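Please find the structures below.
Across the two complexes that follow, chain A remains constant while its partner is chain B and subsequently chain C.
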Partner chain A sequence: MEMELLLQFCINGLMLGMMYALVAVGFTLFFGVLDVIVFSHGDTVMIGSFSGLSMYWWVNAYYPAMPAAGTAFLVVLAAVSVVVLLGMGVADAVIVPLRKAPALNTLLATMMLGTVLRESIRLFFPDGSNPHPFPGLLPDWSWRSSQLTLRFDNLALFCSGALIIALVHFIINRTRLGLAIRAVAQDEEAAKLMGVNFRLVVLATFAMGAGVAAFAGVMNGIYYNEITFGVGLLLGAIGFSAAVIGGLGNVFGAILGGFIFAFLQTIGAVAMPFAAAYKDVFAFGVVIALLAWRPTGLIAEPASKRV
Partner chain B sequence: MDESLLFDNIHVAYDKADVLSGVSMEVRPRTITCLLGANGAGKSTLIRALFGLTPPRRGSIIFNETDITGLPTHRIVGMGIACIPEGRRIFPKMTVHENLLMGAYQERSQAKIRSTLDRVYTLFPRLAERRSQLAGTMSGGEQAMVSVGRGLMHEPRLIVIDEPSLGLSPALVNENFRIIRRICEEGVAVFLVEQNVRQTLAISSYGYVLSQGKVVASGTAESLKNDVQVQKAYFG
Partner chain C sequence: MAARHILWRRVLCLALFAAFFYAAGDAEAKTALRVGYIGPLTGGNSSIGLGARNAAELAVFERNEDSGATYNYELFSLDDECKPDAGIKVATKMASDKKILGAVAHYCSAVALGTVDVYHRYGMPVIVYGAVSPGITYGNNYPEILRIIGTLINQNKVASEFMLSQGYKRFAIIHDTTDYGKDHKDYFTKFIKEQGGEILEPMFGVTSDQQDFTTELTKIKSMNPEVIYFSGLTPLGVRIRSQMEKLGIDAQFEGVSGIKSDAFIAGLGPDLAEGCLSFLEGSPVEKLAGGEAFLRSYQARDFKNLPDTMAPFAYVAMRQFLDVIEKVGPDRKKITEALYKIKNADTLIGKVSYDDHGQNSEPYVSKYVAQDGQWVVWEDSEYASGKRSLKKPGAGK
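Here is the complex of A and B:
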């Protein structure tokens, strides 16, 4: 195979990897802090895509003269604010009240919540059961040679994603809020005894995980130029797998897991060009094998598995 | 202003089993008050009730003339009550330094945090040497220092200490008692749960004995030294 085609695969893989990493960060944060798997997280991403799209329509209808950068900003802002509010609502209404219940109940509740989110979009969003084209938002500058296309929007999205991850890292490791988040993750009662407002920390964590997911939602729309109400199912499964590969509760691991998953998909696509649809089957298959080999994820943390 | 801590007729139950039934006691400001009792008597449960971790079924807890029963834990801590909990409960994956910062979590003034840090590091030079080591990798005795130091970082009005010398060498136990006395001399009220009856009574001014969830004896430390209930609780 030619070098340039391979490079193209790499670029696509990096884009997907960043998207998965952003989703996986949420899974791993929620698990680290509260020991819960929030199965509706993938559908939260989807809500981000649709909130962004709604904002795009609104801007187009009322301010068609808005410059592209302004539109892009408003779309991301809409996606992030809706999803952050949704995330905090879910934390306050579902996750915290179910704290003392068996973990299985929380699992079930968040799975059902995911279904509610999906079905709400399908039923109540205009023409919600059909795929919707998602705007490019960014100028379509690109650099291309015979087989390789380096798109400006991809580069911009990738860099923004990296910035967001760096920001999350900074918040967790360098701020007072981050100190409280880590304290709650390591010993909830001890954190409370130090004067940490538990509910506030949980809300902040969910806001952060959801905000990051919302950006992944917009990224997903731009990358595929299309969104559907069901997009969160696969994204959720992939994000969750990525978080598990990296060792649940470990932010760095989740990011690594995201890129590993995208890498596996890419290998699947390259190795089986005749059956591109099997790339997910291949990737999930390898994930299962990886987990059989390292049940606690690739990044071993013997003592505890938290943030 | 009366900075006493009052427990009034406290009842606590885990699930169905009653652990505390009608406990009343008082912790006076600027004194060391100790709580004695056999294993399983309900001492740690009373402390959990105080901090709202296991809220009482009945009864009320008053601090500084304010009813704090059932408040969220961080509000209770915010009133100036610090806790050195049973089992140390340090944050294992934080550095020693970060653990200490957690102790001053509610303090917003950086200058104040720095001066308290200096004080704690002077008190425990070992912690200063190891400030960037992960607390979970410290030795048991060092972890006890982290826990005590973290409690002091609050600059509390009242400090509640649950078995700080469990598992420590005699030398460190003595060191611990010396520090507790010093905390009290600085004007902080101390509510102390300890197994070293003799040493505890030696530094306390007042004490209570808990047995099966009830106060079976109370009085000045002097009077408790020869109390039969104390003998019964610890020596059977």
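Here is the complex of A and C:
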């Protein structure tokens, strides 16, 4: 295979992987701190895209002269604030009250919540059942050769994705809030006894996970230039699998899992062109095999070191 | 406490009784008959399904206002979500209700292929208005299944002849893995090969909820096609076209009837949609004889959704049902038989004749190009007049 073609495949795979990693980080955070699996997380990403789009429409309608950078900032701001509020609301209304209930209840509740979010967009967003074009927002610079297209926006998205994950890592490992989060992850009771405000920690964790999801939503929109109400379902399933193969509760595991999944999908489509339609079957199949081999994920750590 | 409970129960019983008698009396006075509609009312294809539902409803309204009509009609509509499982569920619900005499149904082939057995089992006549897979009528011997729209065989014949006449020779194929996508691909590639065109291998099958096509498209880019042919529906069409642009693929985009919707252009924006090609049975509403009148009465009803291209088919099919019921009365079997007698009928969508399989044997296929944010019939477009041009054949090499 030509070098340029291979490089293009790699770029596609990396972009896809970053998106999955961002979603997986959320799953892993929630599980690490609270031992819950929040299945609506994929749909939260979708809400991020739609909030961003609404802000873009609003800016276009009332301040058409706004410079591109300002618009981009407002779009991200809108997405993040809506989704963070949503995340905290979900934590307060669903996750914390179900703390003492069997894990299955939380799972079910969040799954239903995902359906509610999805259907709400479909029914209440203007023309919500159809695909919507998402603005590029970033400069359209690109370098093209016969087989390779390098785009500035891809690079920018990738780097900011990496930065955001680094930021999450920094908050968890280097700040007082992070210390509290880690304490709760390790032993909820003991952390409470030491004066950690449990509710605040839960809300902060959900705010952080949701913020990352919001960014993933905007990134998804910019990268594909198109959003639909149903995108969260598969994204959620993939993000969750990525978090699990990496080792649920471990941020690096989530990143690794995200890239592995994207890599598997790409391989599935490139190496088995006769069966490109089965690339998801292939990727999820390998996930099952990986789980059989390492049931606790690739980077499994003792429970005491989670997050 | 107990006494109050009993009192409430009595009041409730009385109310129910009253309601029952009231309803019975009402039915006796008017001889209301029920007809059905099934199509995608939610989901990615709902704009088409809702437009068609409204058109069927319009036909019913018009008939109810006609003082010469013997019966009063009521439309009962259900949502198949463009999903086979949901479709079979609602088809069973409708067909098992003997009060419903017949239905106009289905935009999605995958759904129609699954539900035909249900209609046959319950003996309910159905006219398929929008699904074009050949198997729906030709894959069985069910008298209950008729279809007013042409099959995708006709569509791809016209499409392949047109593309070759424009000078294109090398085609890359992406198809969704539903029956709809696969059948389209099969006939298109067959016709192209027969006429000396080249189909580039491999062809890419994709699932109908896929988001990322960069891998497939990167591979396709390296194969250097002149045309990327996509058989599937609007949501995927939008994604593929927009990701082609991101990867800098300079090939002509050609879709099938499944992308010929306003949602396709709305989803891409006019710039990206510009020059995309699509093919569809029938002609645009405005071009039809009587189309203006149809549009006027549609708009007069204040429906929320615009009539999409499938709306006239649903409208004509529903009218045929009502005509036949007026003639033979409320009997499913007689209605089915009478529908087959429709030959060479002049309708809003052109001539209609049902053959032995219940297939309309005189379908017309139009070619469309997206121009300035609208689907324009090829012959009327600036592309045909030479003012604008599609991607140049051979430009890739």
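One rule holds for everything that comes next: the second predicted complex is superposed on the first by the 298 of 307 C-alpha atoms of A that agree within 3 Å, B and C clash if a C-alpha of one lies under 4 Å from a C-alpha of the other, contacts with A are read in each partner's own complex, and residues count from 1 in each chain.
Just so it is clear, a contact is a pair of C-beta atoms (placed from the backbone, for glycine too) under 8 Å apart; a residue touches a chain by one contact, two chains touch by 3 or more.
Here the structure is a predicted model, which means the values were calculated and not measured.
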Contacts of A:Leu179 with chain B and chain C, given as first, second, both or neither: first
Contacts of A:Thr228 with chain B and chain C, given as first, second, both or neither: second
Touched partner set for A:Val270, first chain B, second chain C, both or neither: second
Which of chain B and chain C A:Pro133 touches, first, second, both or neither: second
First (chain B), second (chain C), both or neither touched by A:His169: neither
Of chain C and chain B, partner touching more chain A residues: C
First, second, both or neither for A:Leu193, with chain B first and chain C second: first
Residue ranges of chain C touching chain A (in the complex, touch as defined): 42-44, 46-47, 177, 202, 204-207, 209-212, 214-216, 218-219, 221-222, 234-235, 238-239, 242-243, 245-248, 263, 266-269, 272
Complex contacts: residues of chain A adjacent to chain B: 176, 179-180, 182-183, 186-187, 189-199, 303-304, 306
Chain A partner contacts - residues on chain B that touch it in the complex: 51, 53, 72-74, 77-78, 83, 85, 89-94, 98, 101-103, 105-106, 136, 150, 154
For the chain A and chain C complex, residues of the former touching the latter: 2, 5, 8-9, 12-13, 15-16, 122, 127, 129-133, 142, 144, 147, 149, 151, 223-226, 228, 230-231, 233-235, 265-266, 269-270, 273-277, 279-280
